[in-house]
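One chain, chain A, appears in both complexes that follow, with chain B as partner in the first and chain C in the second.
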Partner chain A sequence: MPVDTKRVRGPDESQSPLVFLPPTAQTCEVLRRPGDRGKGDVRPLFARCGLVSQAKGSAYIEAGNTKIMCSVYGPRETERKDDTDMKSGRLVCDVRLAPFSCQKRGAWIQGSEERDLSLALSESMQPGVCLHRYPRSQIEVNVMVLENDGGVLAHAVTCASMALADAGIEMYDVVLGCALRQDGDSCLVDPDFSEERGSWQAGYGENQGRVTVALLPNFNQVSGLHADGEMREDTLTAAVRTCMDGCHKLYPVVQQAILRAVKRKAPPPEK
Partner chain B sequence: MATVQVSEAEKVYVMHGVRDDLRVDGRGCEDYRHMEIETDVVSNTDGSAKVSLGHTDILVGIKAEIGKPRPMVPDEGYLEFFVDCSANATPEFEGRGGEELGVELSNTLYKVFNNRHSLDLRSLCICPGEHCWVLYVDVLLLQCDGNLFDAMSIAIKAALFNTRIPKVHISEDEEGVKEIELSDDPYDCMRLNVENVPCIVTLCKIAHRHVVDATLQEKACSVASLLISVTHKGMVTCVRKLGRGSLDPDSIFEMTETGKRVGKALHAPLMELLQKEESLGKKRQKVGFLA
Partner chain C sequence: MSPMKLCVPGERLCSTEDCIPGAGTYLRHGYIFASLAGYVLRRNEGEELPVISVVKETEAQLLPDVGAIVTCKVTSINPRFAKVHILYVGSTPLKDRFRGTIRKEDVRATEKDKVETYKSFRPGDIVLAKVISLGDVQSNYLLTTAENELGVVVAHSEAGAQMVPISWCEMQCPRTHNKEFRKVARVQPEYLQA
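For the complex of A and B:
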C-alpha cells in the first residue's frame, strides 16, 4: 500500500497526557490520606452476597473505589481427567481485570498480570476450602475486577471466600486478605491505587514495598503471602503483622454479610 | 511440573530425617546440593550462564537490544524475562504443557527485580526518552529436579555478571538529528554492576522444620513453601508463599530469618567464583553441556 509521506501520521501508540506531567505533580502526599482515615485504617468495606442468581454463590465487594465481583460454580465433574490426584477436588480460580478497570485500557484476553493474580488467588484460597470433601470434582471461582483502586488481590481473596461461603462449599474458615504499602518507615494499610504505586522518585529510597497477606482468622494461619519491592527483614515481619491486624478488622463485616445471606436463604422460623 | 510418586512410608522416613537434621542425601536442613556454574557458554548471546544444582539444569542467555524507554521512566532501560520449559526436562512440558509453569516463573522474576536497587537501570539508558538498552533474559529449563527458583536466580546473576553491552555514543549534527554510533573496538564494552542482584531461596516446610534446596522427593512431602529473594546486604526483595498449604505466622518469621541468613551467605562465594572464573580468561577449559 502506498504511504502518503506528506501527511503527518499519528504515533502508533498513544499515551495518557498525565504521564508527561512534571514529576512534582505526580508525587502523592502520603502524610495524609483522604477523609479522616489514619495510616493503619482499612477502607470502609461494603460486602454483599448473592448478586448473580445463576451462580451457586456470588459476592460483591467495594472498598473505596475498588469494586470486585465474584461468582462460584460447582462442584461439578472435573474437566481434566488426567489429573493423578482424584481424591481431592480442584479449585479453579480465574481473575479478570475488566478492560476499563485500570487507568490504561486493558485487553480482553487474559494477560500475564491476570494469570499471576489467578495463581495467587488459587494458592491463597486452597488452604481454606475442604477440597477432600469434593473428590473427582472441580469448583470454579470467577473473579471480575470492575474497578481497580488498589489492593486487588487482597479484596479478591475476601470476595472469593464470601462467594464460596454463599455457595455452601465446605470450608475450614473464611479467608481474608489485606494489602499494605511500605514507604520508608511508615506503612499504609489498604492502599488505594496511587498510594500502591507510589511516586517513582520515592522508589529510589529505602524500604519500599508492597505486601499482601491472606489469613484464616480463626486458625491464625497465613494462607497467602506476596511481597515485592525492597525491605529489611524486620520491616517485612512488622508489615506482615500489620496486615494480619488489618484482616481481623475486616472479619466482622464479612461475617455479617454471610450471616445476612444465610438468613435470607433460610429465614429463621417465626415465633 | 515434574512430580515423583512418594509413598506414605517414604514420606514418614523423609519427615523423621528432617526432624533430626539429616536428609535423605546426607545434607543438613540448610545445605545446598552440589552446584556447578559456568559462564559464557553460548557465543551468540551478550551474556550467558549454565547452572546445575543437583540434577536441575538451567541455561540463561541474555541479549541486549536497543529499544524505547517506558514513558513513565524515560531515563531507564528495562529487563524482559522469559522462561521456557523445554520438553527435554519432562514430557509433560511438551507443546503448551510448560506454559503455566513458565509464566509463573517469569512473573516471579519480574517481582524479584521490581525495585530500584537490584540493577542500575539508569546505566542502560542511551538517550533519555528515545533509546535505551533492553535486556532480554531468556531462561531455559533443561532438567528439573526441584528448586527451580533458586537455580534460576543464581544462573541469572551469573549471566548478568557475564553480560557485556557494547558501548555506544550519540552524535548530533547541526540540524539536531541524533545518530547512534557503535564503538569500533569489539572489546569496548560496558559491564553491569551485579552486586545488588538478589538470589532466591526457597524454603520447604516439612513437618515442623523447613529445608533449603528441596529435591522433588522432599517437595512431595511438603504442602507449603516460602520463596524469599535476598540481596547480599540481606534486603528482601520478594516473598511468596507457594503450594496449597497454609503457614503459621511464627514459622513464616522463622523461615524469613533462615532465608535471609542462607541467601546472604550465598552471595559472597558466588561472586568469588565468578571473578575467579573470569580471571582465567581464555585459558579456561570449557566444560559445556556434557559435564
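For the complex of A and C:
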C-alpha cells in the first residue's frame, strides 16, 4: 500500500484550541468602536470612478479598511447559452476575494463564499439596470475585494453601481448597500470585520445576526436583503430600516464621485 | 453660458408636461428621470415641448438595431451563408465585435436562388450591410446586402492588392488585372474621398 512520506500530517483526531479557552468575563455594554463612531454611523467612504483604463467603467471604494475595486465590461455579445433572452440583456456578476484580503489566506480558485456573494450581488443589481435596452447582450461586472474589513457585500453593491454609472450603462437608479450587525439589543451599522464576526461566545446568545440591505435611494425600493442569524421579527424590521437610513447617508458621497468622474472625462458638450 | 447641469442615474429631471424624454432618460409616474450619469441637454426640436436628454462624452454604446447600416468584415463563407464580424454601427466603432450572418438569399435582390456566395464575398472583405433581424437564440444577427448601396466596399485580390470595382458584380486587381466576382456596393458620391 503506497505510503505518503512527503507530508507530515497531524494526529487524526484534533480539535481547535479555542474550544479549550476559559470563558472571558463578558461585559454586556458595547465596547467603544474604533474611530469614535456611534452605533448608527457609517464609516467615512472614499470613492473614485474611472481608475481601470482597460475596462469600460470602474470604481474603487474604501470604507475604513475595506477596499473594493470593480470593473465593468460590456455590453458584449452573449456566449450562446440556452437561456438567452432576446428581449433583454444579462448581468453577469463575479466577486473575487483576493487571497491576501482576509485574515486567513484564501485560494485564488473561487470558493463557496465568493459564489454566494456573486449571486447576492447579481440579485441586488438586476432591478437597478435597464436591461431591456441591451437585447442579446451581456454586461460583466467584476468585483475584486482587496481587503475585507467587514460589510463586503454592501460595499460591493455600492462599488458595482458606481462602476456601471461610470461605464455609461443605463440604470434606473444607483443601488447602494449597507450592512448591520445585531448584537443582543444593540445594533452596529457598517461593522468592521471583528464586529461582524463577534465573539465566539456571543454567537450562542439571542438576537444575534447580520443584515445587508441594497436600496434604490430615489425610489426608496429595496432590491436586495440578506440576513444571517437569529433575530426577532421587530428587531429585523428595525434593522432593515436602520440600514436604509445608512444607505441614504451614503448617497451624496456616491453622487459626488460619479459626477467628478464625468467632469474629468470630458468637458461639457457645446450647446 | 450657464454651467451645464450634471446628473446621476435616478435623478428626477422634470415632469412630462415640461419636456419630452430623449436619450438617456426614462419615464416613471409622470416624471422624467435620468438613466445615465452625464450632462443634461435640453433642446428645442421644433415640436411644442423641448427634448431633454442626458449625454456622456462617448457616444452611448450603440447596439446593432433592426434597420441600421453596419460595416462588417467577412470571416468565413459557406454555400448557404457568409459569417461576418460587425465592426461599425453607422459611423461609430464598436468596442466588442458582434457576429452576424448574411444568408444566400439576402445577398442580392434579384435572382436570389442563383447566388453563389463564393462569387459574392470572400473572407477578409469589408461589407456594408443592413440588419434585418436580431435573430433567435441560436443564430447571430441577420444581415442583408440586397440593395444597390450595400455590398463589398473593400476587397483584396488573390495577389494581395486592393481591388477596384468595375461593375456591380466584378472587381479588378490593379496589379495582375485579374477580374474577380464580388457583390459590389455602389457607394454614394458624397462618401468617396477624392
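The rule is simple: the second predicted complex is superposed on the first by the 235 of 271 C-alpha atoms of A that agree within 3 Å, B and C clash if a C-alpha of one lies under 4 Å from a C-alpha of the other, contacts with A are read in each partner's own complex, and residues count from 1 in each chain.
Convention: a contact is a pair of C-beta atoms (placed from the backbone, for glycine too) under 8 Å apart; a residue touches a chain by one contact, two chains touch by 3 or more.
Only a predicted model underlies this, so the values are computations on that prediction, with no experimental measurement involved.
With the two structures aligned on chain A, chain B fits next to chain C without clashing.
In the superposed pair of complexes, A:228 makes contact with chain B only, with no contact to chain C. In the superposition on chain A, contact is made by A:216 with both chain B and chain C.
In the superposition on chain A, contact of A:262 is made with chain C only, not with chain B. By the touch criterion stated above, A:170 is placed in contact with chain C alone, chain B being left untouched. Contact with chain C, but none with chain B, is seen for A:137 once the two complexes are overlaid on the shared chain. Overlay on chain A (Cα): least separation between chain B and chain C is 15 Å.
Under the contact criterion defined above, the residues of chain A that touch both chain B in one complex and chain C in the other are 84, 216, 219. Per the touch definition, chain B reaches chain A in the complex via residues 3, 71-73, 103-104, 106-107, 111-112, 114-118, 224, 226, 231, 234-249, 252-253, 256-257, 260.
If you check the complex, the residues on chain A that touch chain B are 15, 19-20, 84, 112, 115-116, 119, 123-124, 126-128, 200, 203-204, 208-209, 211, 216, 219-233, 236-237, 240-241, 244. Contact residues of chain C toward chain A in the complex are 1, 3-4, 6, 8-12, 24, 26, 28, 33, 35-39, 41, 55-58, 60-61, 63, 95-99, 134-138.
Against chain C, the residues of chain A that register as touching in their complex are 56, 74-77, 80, 82, 84, 86, 130, 134-137, 165-166, 168, 170-174, 216-219, 254-255, 258-259, 261-263, 265-266, 268-269, 271.
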